[in-house]
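Order of writing sets the labels: A, B, C and D. Residues in every chain begin at 1.
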Amino acid sequence: MQITRRRQTTILLMVMGVLTLFTRGVAVGQQTDWYPSPWGADDQRGAANRLSPEEVLAARDLITTGQVYQLGRVYEAGMPVFGTRHFSLKIPYPLGPLGENQTTAHEAIISGELGQVGTQFDGLGHIGIGDLFYNGLSRHDFATPDGLTMLGVENVGPIVTRGVLIDVAAYKGVEMLDGGYEITRSDLMGALTQQGVSISTADVVLIHTGWGSLWMVDNERFNASEPGIGLEAAEFLIDAEIVMVGSDTWATEVLPNPDPSLAFPVHQLLLTKSGIYNIENVATELLAADQVYEFAFVYAPLLLKGAAGSPGNPIAIR
Amino acid sequence: MQITRRRQTTILLMVMGVLTLFTRGVAVGQQTDWYPSPWGADDQRGAANRLSPEEVLAARDLITTGQVYQLGRVYEAGMPVFGTRHFSLKIPYPLGPLGENQTTAHEAIISGELGQVGTQFDGLGHIGIGDLFYNGLSRHDFATPDGLTMLGVENVGPIVTRGVLIDVAAYKGVEMLDGGYEITRSDLMGALTQQGVSISTADVVLIHTGWGSLWMVDNERFNASEPGIGLEAAEFLIDAEIVMVGSDTWATEVLPNPDPSLAFPVHQLLLTKSGIYNIENVATELLAADQVYEFAFVYAPLLLKGAAGSPGNPIAIR
Amino acid sequence: MQITRRRQTTILLMVMGVLTLFTRGVAVGQQTDWYPSPWGADDQRGAANRLSPEEVLAARDLITTGQVYQLGRVYEAGMPVFGTRHFSLKIPYPLGPLGENQTTAHEAIISGELGQVGTQFDGLGHIGIGDLFYNGLSRHDFATPDGLTMLGVENVGPIVTRGVLIDVAAYKGVEMLDGGYEITRSDLMGALTQQGVSISTADVVLIHTGWGSLWMVDNERFNASEPGIGLEAAEFLIDAEIVMVGSDTWATEVLPNPDPSLAFPVHQLLLTKSGIYNIENVATELLAADQVYEFAFVYAPLLLKGAAGSPGNPIAIR
Amino acid sequence: MQITRRRQTTILLMVMGVLTLFTRGVAVGQQTDWYPSPWGADDQRGAANRLSPEEVLAARDLITTGQVYQLGRVYEAGMPVFGTRHFSLKIPYPLGPLGENQTTAHEAIISGELGQVGTQFDGLGHIGIGDLFYNGLSRHDFATPDGLTMLGVENVGPIVTRGVLIDVAAYKGVEMLDGGYEITRSDLMGALTQQGVSISTADVVLIHTGWGSLWMVDNERFNASEPGIGLEAAEFLIDAEIVMVGSDTWATEVLPNPDPSLAFPVHQLLLTKSGIYNIENVATELLAADQVYEFAFVYAPLLLKGAAGSPGNPIAIR
């Protein structure tokens, strides 16, 4: 077959088009209506853009008693982790004694998928739809062995804003929701109404399921499934324009998903499509026990250059 | 030589006494007047006991503009570290795609002496005088391969209190103090007077030396020495009953010490003897540039069970 | 009580004596007849001193078919490990492509107690009796955070000598000995007689128990106990002046010990007192299946400076 | 433009063809004549297939004195590494004392790119040409976060064969070749002639350059460049059908390549195209000093499942 120069050009353009589709999402069966982000095609911070001094001042005004809640879990060997992740902490022999003053120094040597074990903050480089991540960025353009050159957690910055606890377990009248229970929009709205609070733009929303009571008590069950929000409830939170959602579970979303063909779809909807952060294994039981539904929330991800997530010990102040 | 039973007993008691001295500090030439701690012989939190809801409310009242300063340094390969410490962050191939929704997930695998690299918080299990640590606790009683069973950073809790920046570089009229320059009590007092602020009980005091401008610019020089407080200035801070001191250097204290026989004596005076925490490699230049001398300081060490320190990204809010 | 100068001296000398006893073993209730070692008070290589060119030539003469057996186990996530040890292997994104020739490079990032997971070689710095290790060396004199300054595995050197398999499982007529079964001197002698081989100076002796068939099949059971040699059988091997013993179990010795007051006493007898090495999790089933009872054994520990052990993939050649 | 069904098909086929070319190497400017491998399209062992009992017996016959040379370098903090790789070894506090027999146990906790630091063995999963590795396998088909599912070093098996040292430094009359010096075919042939040995099928060839004398002496210079074989000399080794080449440098090949547009092309030619292994940082000076040019070579890569390489302590026996 002889191909004219013009036809060559036509074919080349079509090839390029197909290739572009391949690398920009159509090939993985996704809509392309989720990027560029509302914060521009160059944005790497997602819903952190909703934070502002006004939010800080509003959070400040929620501080009335000075009580501080520590919402992180203890990082320790034997805590439940997903798949082949690990967490190791060892104490080497001390340095020294040094000098006439005999200084001795302990260090801790730590390894693991920090940012994906224990209390963990999911950055925008963590979850993709096929090769595409937040803002339609292809991992082929930003993932390197030495770190993500875009969407790393060092871009997020401190999160100081109003926090709201939604105690769905209490709303449903149980100590702990069942594994696999999908928290619905109706659950969230009902619990909020019962609590007498509402959520608004730039909030951090923490959902108490009671599942955290299995932590270090029945790790196998803790890991096997979990109650959590489904796609519908996630849409509710997206509509509310929050900054971050979190829970006392290891994924925040219901597992397994009621649709068995889907794997972690809520992560994609929140992080990849909406730029909304997710923090997992939060010690929400402390707030639930005291019925603290509104508080100043403070958390600053570690500036781990190019990391997909961060460990953390977020706090609530009221 | 024949030894009577009575003499045997006498000798045995003396032996025991000598041994006790050996294990409780006299043998290393230290006074024993620094323990038990003012917070009791069982205390593991040191100056964190000075924190209270009142301090939180006082810090809240310093928040007037809602501006947040991120005081952590970026953790990255190639940052200056001490001795044989390391920091490694690598991005493995992504998990997935999983499910029909094609979820892809990046993780970061990290190893290193976290808590002793980058922005680092020294816990009370970090520094000892010979075998003795804070509250006279012997490392033989609490140090295990899997963590410190006492004095671990998980005991500290969130630090929410008034923060004060002392810009000693500005007070001395320089961009950066020289390596080996000992910051004196007079320097601290002079700078505070010039700034029009004072320090008080339960404060966190951050000292700006300008040395942080060498970070990732001239790491060799950064590591070779540093300006910092000496024993005299540390006594001033101890008398003021602060909770924590920090600086834009890797040790906060002057290095080398003007007395060449001493190795890190300020660490011992603050942490071991006084229970006052130390946070290093703080990005104080942000506060200095804006002349922010008073602020709400918020930092919660990671709950690393049995660790000697914690990484961090502390924040200042004004 | 007034103490004369002379009596002071007497007491001081006695104190020193007691202290010496404390640090040299009497205080831990052990005999002091096991050091200095037969290879001198400065020796760090123990039974590796039995190796010589003659042993190499004798091993060479056992090579008649050219068949090579690989005796290491596969290192992988999920393999059974003791306590809080771990093994992690991750593949980061590749480097490159670099240059016009587009070189791409994979690496593996690994962490763990290498030398104490999987097929593992115990060096002389691994096991002590209280504070005392091989040759009466006190860990206070050689253990540092950055490595053992004496007894590190880098001192061992290649082990090329005659290897002997003792198939105790076959001798007892079972596929696998029971967990907790103590292999006796009689078992070893009986099996050797049945096999028609004997052991002699400088041999490496591998003991097949069948327990290795649980590896990655029933890790929980594999770890919970094991068949292995007891103190009596160990004495038999010591008398035979071997260089190293090994097995298809994670400790070579019977666990739990029939005397419940003892923890890993065979390790002490072999390594600490006799300088005889121990290699664990050896794939002896390959030799047992082929009834290979004599072979050239070759293994060179990694030159991990100051390490207590080494991973390995020893080989048998016949 | 209207596109008929037939033309659609034509275009689709062309698109598929182009895509295939993209993923199978043409797009990266490489010939496709290097796969499938001579050992079949499913082979994962490359030149290790050249090993056989005959080679073992031939190696055995080279053992005449029983002298063993240890060819590994010491792994230690501060050794030269490439890029952001690291090696960390720390000794945690000992376990125990356990039992009445007071068993104490040291471990070493190690992290790093083992297999790509120190004495290092490059497996076939290490180096690719764009996305294609040995046997034309695409990394998209075998690289996962938890290991390479094909071409991992666990496939190699023990390497027991004749070893040949080529002392190019001696041939050129120098202690150490210059960094950037390209060892040519003529150099190899000349040195072999001078030494009175030849190379043949299934050999392991070690090249002494003297560059290893910089190891831990001038690490910066050691890393900055190196003498080594170029593409021409590599072809000579390929024609000789060897199993592995190695050297006392960190890459075996000349760096920088005389053609500045090329990055590690010899690695590609050997590993990717020819299935010939490469071992780096070999202590060849021991053999060179004794003028040992022929020997039995023994090395078994660690069975690190899915790893790109392995650490090692290869030995030469004569």
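The rule is simple: a contact is a pair of C-beta atoms (placed from the backbone, for glycine too) under 8 Å apart; a residue touches a chain by one contact, two chains touch by 3 or more.
Note that this is a predicted model, so its numbers are computed, not measured.
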item	value
Selected pair, greater C-beta contact count between A-C and C-D	C-D
Centroid-based (C-alpha) most distant chain relative to chain A	C
Inter-chain centre distance, chain A versus chain D - centres from mean C-alpha coordinates, in Å	41
Separation of mean Cα positions, chain D and chain C [Å, integer]	30
Between chain C and chain A, distance of the C-alpha-averaged centres to the nearest whole Å	45
Of all residues in chain B, the ones touching two or more other chains	77, 83-84, 88, 90-95, 107, 109, 111-112, 143-146
Contact set on chain D toward chain A in their complex	1, 10-11, 14-15, 18-19, 83-84, 88, 90-93, 109, 111, 145-146
Chain A residues within the chain C interface of the complex	77-78, 84, 86, 88, 92-95, 107, 111-112, 143-146
Touching residues (chain side chain C, partner chain D) in the complex	28-30, 52-57, 60, 63, 65-68, 70, 72-77, 83, 85, 89-91, 94-116, 119, 125-131, 133, 139, 143-148, 154, 157-158, 160, 261-265, 267-268, 298, 300-309, 311-315, 317
